[in-house]
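Heads up, the next two complexes both have chain A, just with different partners, chain B and then chain C.
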Partner chain A sequence: MHHAYIDKFAYQDSHIHRLDSRVKFIIVLIFTAVVISLPPTSLSVLTCYAIGPFTILVLGRVPLKFALKHILVVSPFVLVLALSCPLYDKTPFTAAFGPFTWQISLGWMRFFTILGKFIVTMSALIALVSTTRFNDLLTGLQRLGLPKLLIIQLGFLYRYIFILIDRAHHILRARAARKLRNLGTKAELKIAAAMLGSLLIRSLNTAEHVNIAMQARGFDRNWRTISKLQIRSSDLLFALTAAFFLLGLHFFVEPLLQ
Partner chain B sequence: MHMANELLSVPVAAGTLAIAAASLGLICRKVRRIITSDKLALMGILGAFVFAAQMVNFQLPAMPGTSGHMVGAVLLAIILGPHAGAIVISSVVIIQCLIFQDGGLLALGCNLINMAIVPTYFGYFLYKMATTGPFSPLRIYTGVILACVVAIEAGAVLVPIQAAISRVLAVPFSTFLITMLGVHFLVGLVEGLVTVAVLGYLQQVRPDIVLDSLPGKVRLSRKAVLVTLIVFTVVIGAGLSLLASGLPDGLEWSYAERPDQPDFEPAVANQDHRIVAVDDFHSKYSPLPDYSIRTSKLGEPPQQEVETATGWTSFAGVVGSALTMVFIWLTARILQKKKAAKP
Partner chain C sequence: MPRAIEIENLSYKYPDGTIALDNITLSVEHGQTVALIGPNGAGKSTLLLAMAGFIKGTGKVLIDGLQINSKNLKKVRTSLGCCLENPDDQLFMPTLFDDVAFGPLNMGLKAEQVKVRVADALKTVGLADMADKAPHHLSAGQKRAAAIATILSMSPKIITLDEPDGSLDPRNRNNLIKLLAELPQTLIIATSNMNFAAAVAGRAVLLDNGSIIADGDAKKIMSNSKMMTEHGLEVPDNFKGNNCGSFGN
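Entry: the complex of A and B
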């Protein structure tokens, strides 16, 4: 294994990590819905909402640099679409911040709001995933009613992603060592197809071996994990705090900042 | 084309989540009936394969410096069948959201519909439709490429629709739609070529895997690839320009007149006499002004009121795309030559 697990912080231990995965999942879902329903000119309220994921990241001892780097990696599509806002929406808008006021267009306000919302909701998602082990999250989702087949599928997928990505790296390294220049479209396509094909065949072989091993151990279509879920008082406390935070921001802070 | 939370409104996000959840539930029920328990490991590992396959990149033709990779929805649909394929690609989209944070949690419904459910079913049924009848390699080619292009386009069309219903973005719907269609046409074409090539490889090495879906021998030949490419360009160019007729495109929109807002002031206006003269010259002498055939003689300003048939718009689209391709190809050629000339 030559690369770090992308969710390596989920295997730490903290008060946030010990919370029930269902509670965390539902709170993140509600938080995201609340944040994206904010009006397109409410930039300052967003910073208040950002406190939530920030606190969880800090308490969960997830480095902020890691979270920010992740947000940067997934941002291009949103960035391009958000950048189209200032192009098309040129309604004048007066922005005020402290002693300064300046004239910008509504499009730029929308741009910054979309970007801000993106950062806030993404950090909430990162806070969820990097403080919850994936197996716990899956067990939680199963209890919340996701089909069993999908849970098994997701479990397998998660188990083998990193192994197959490693294999792909091996194949890529072999190609880089042998192919020193561009060989033209047809040859390039043929090589890529052979790489993908052999990767697929190796995956199929692995699947066959895994299946035999599973049958030998009595697999009966049930996904059994050692993760036990139970709602404790700390979970209730966390849910209450989150509810206070969201309700307080919505009913008391938002009217002030409009 | 991962949709983000921020580009959606809450009702749209909730609605698409509900639709995606319902259809996934149905598909799961269906799959449970047709798939035996020894296929479960296979489906999971093929999902992981989709991730690994995205790491294998290759040089794209005509565009030096860019590289493409494959998405795999149609390939999996062909190998596994549409239901199992849809489950595998859905799980890939969910993992992309949860582990790699690509696409938001609330936008998951949209992403599942756009990238997993619609492409696999569309792709599979198009492939089946195109390849019924006696076997011929050309039929497989066109079938696979058509399936990939249309399946990916069908998903891509939904993105601007969902964004337009949400009313978060300010981009005019037509501009967004045409951009998405154009970009994903290229994506689909690359995907189609790779899928054909991978199917050919599999048939050589492990014919048992593709026994049901590929009854004859497929070989990559340059002529067949060229023919398919040309046919597709003509078809899609004509289709796109029919769509584009009459609607000012994105850049024009920002400085030209806007029919819906008569008092809209152009953001860019240059009254310098040289520029006015060049504009005038351009409108008098360009052979296809505003993508339609000239109705006035060369040297006279174009008559605005004359209705031109939409067919001419399509013609202009095909000619324009052909010229653009020639231009891109020449530029790439010159760039490559320059690179080669340098010691």
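Entry: the complex of A and C
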């Protein structure tokens, strides 16, 4: 079965792809923190911040359609949360975007800002995942000091999530092939519970086999890997560019637009 | 020189009381390729797990002269590499390189030695240019070859393979047969595909209900249509017309 892998462009080759995963991760982390901490009325500033991740996506040859599609997939969760703002905060507010001004409630302003922040930070995250192989990202996180156990679990999650999705699809297909009429809520819930149980048992079985495979190759609870990461001049140049971009926006553009 | 595998009176019961292995006695010389044949549930996989020290029954199991016990389990698993039935269980690391490097790193080899071993193992199985691929991006045939590479990188003297031909198309199966024929190690291959067993092994051990029914020349055993049918098996295509009559243990 073929999945729409979120990291399917991570295996391409570009200047962005060749950058050290630690540098990219730290920059995305700082960028996200800066964007999230922007005031709730800074919609016009947000559009300037959006230039960063979209430039990375373009330079990394990641189709914008792919990024937008993934943002849309996750957007309902944020939309539901953001929609509470216009319901509770009806204070009048004059929004400005360059020479244009218009009257809306502060609640709606907050709604658009939350949505804007979500789109910009998600784009940065997609840019990171689409230009960095997951294994390099894990190695980078490990070198940055994240607990080994968490890295191992993330590694297993990435390795087996697709197999789990495959199995769930197979079970759903088997159910659809034999379910020829509506069985009612109670029966449907019973079937769903049985399906989940089957998935759980198969997952436990896989875990047992993986444990055997690890022990057969001498695993003694110490996780050993060979790190291929190396900070080069291009990484420093990228970090400097990102710093200038963030500082420039913060000290020069933000005061102009607010 | 000790034998590759020496098993004496090995018996094993599952926790529910079902007899999985019943008084198994088997010895395999270094360099032999042995097909463990038998119907589903015959005890083939259990016997392979016992050889790698994953299950402990009554009786004696020696691998390259070493009796399996908690003290020398690491040495045993360095001598005997075990390849599981499902390659997805065998390939658990984010990239092929890391998967093939996993064993050598646990053996305590230095990074440079590990890199050489990984390159050699991947070259042997024809995946030299796929080191950076994630296992879920590989085809079924490539996964099978990669699973074997994870064992080859540890340079074991003995390799056990559980149903290695499962879910392979004829082209990939033929590639696997060629690969196995080129390996210098002692191979113990559990399979219920008789054509595959006939193509890879010179010796066959027929198991059913946890017992060894026959052990000897693969052609003689697998040509015996009466015995093969009795135990839920079939005569391989290239042995048809060579019926050798009855053949016992």
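The rule we apply is simple: the second predicted complex is superposed on the first by the 244 of 258 C-alpha atoms of A that agree within 3 Å, B and C clash if a C-alpha of one lies under 4 Å from a C-alpha of the other, contacts with A are read in each partner's own complex, and residues count from 1 in each chain.
The rule we apply is simple: a residue touches a chain if its C-beta (ideal position, glycine included) is under 8 Å from a C-beta of that chain, and two chains touch if they have at least 3 such contacts.
The shown structure was predicted, so the numbers you read here are calculated from the model rather than taken from an experiment.
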item	value
Which superposed partner A:172 touches (first chain B, second chain C, both, neither)	first
Partner chain in contact with A:107 - chain B first, chain C second, else both or neither	first
Per-residue touch tally on chain A - higher for chain B or for chain C	B
Contacts of A:78 with chain B and chain C, given as first, second, both or neither	first
Touching partner for A:40 - first (chain B), second (chain C), both, neither	first
Overlap of chain C and chain B interfaces on chain A (superposed complexes)	134, 155-156, 158-160, 163, 206, 210, 214-215, 219-220
Interface residues, chain C side, partner chain A - complex	49, 52, 54, 74, 77-78, 81-82, 84, 86, 88-95, 97-98, 101-103, 105-107, 111, 114-115, 132-137, 150-151, 154
Contacting residues of chain B [partner chain A, same complex]	1-2, 4-10, 13-14, 24-25, 28-29, 31-32, 37-38, 40-49, 51-53, 55-59, 61, 70, 87-88, 90-92, 94-95, 97-106, 163, 168-172, 176, 193-194, 197-198, 200-202, 205-206, 209, 220, 222, 250, 253-254, 267
Residue numbers on chain A that touch chain C, as the complex places them	11, 133-135, 138, 155-156, 158-160, 162-163, 206, 209-210, 212-220, 222, 224-226
Chain A residues touching chain B - in the complex, by the definition given at the top	6-7, 28-29, 32-33, 35-37, 40, 70-71, 74, 77-78, 81-82, 84-85, 87-90, 107, 110, 114, 117-118, 121-122, 125-126, 129, 134, 137, 147, 149-150, 152-161, 163-165, 167-169, 171-172, 182, 185-186, 188-201, 203-204, 206-208, 210-211, 214-215, 219-221
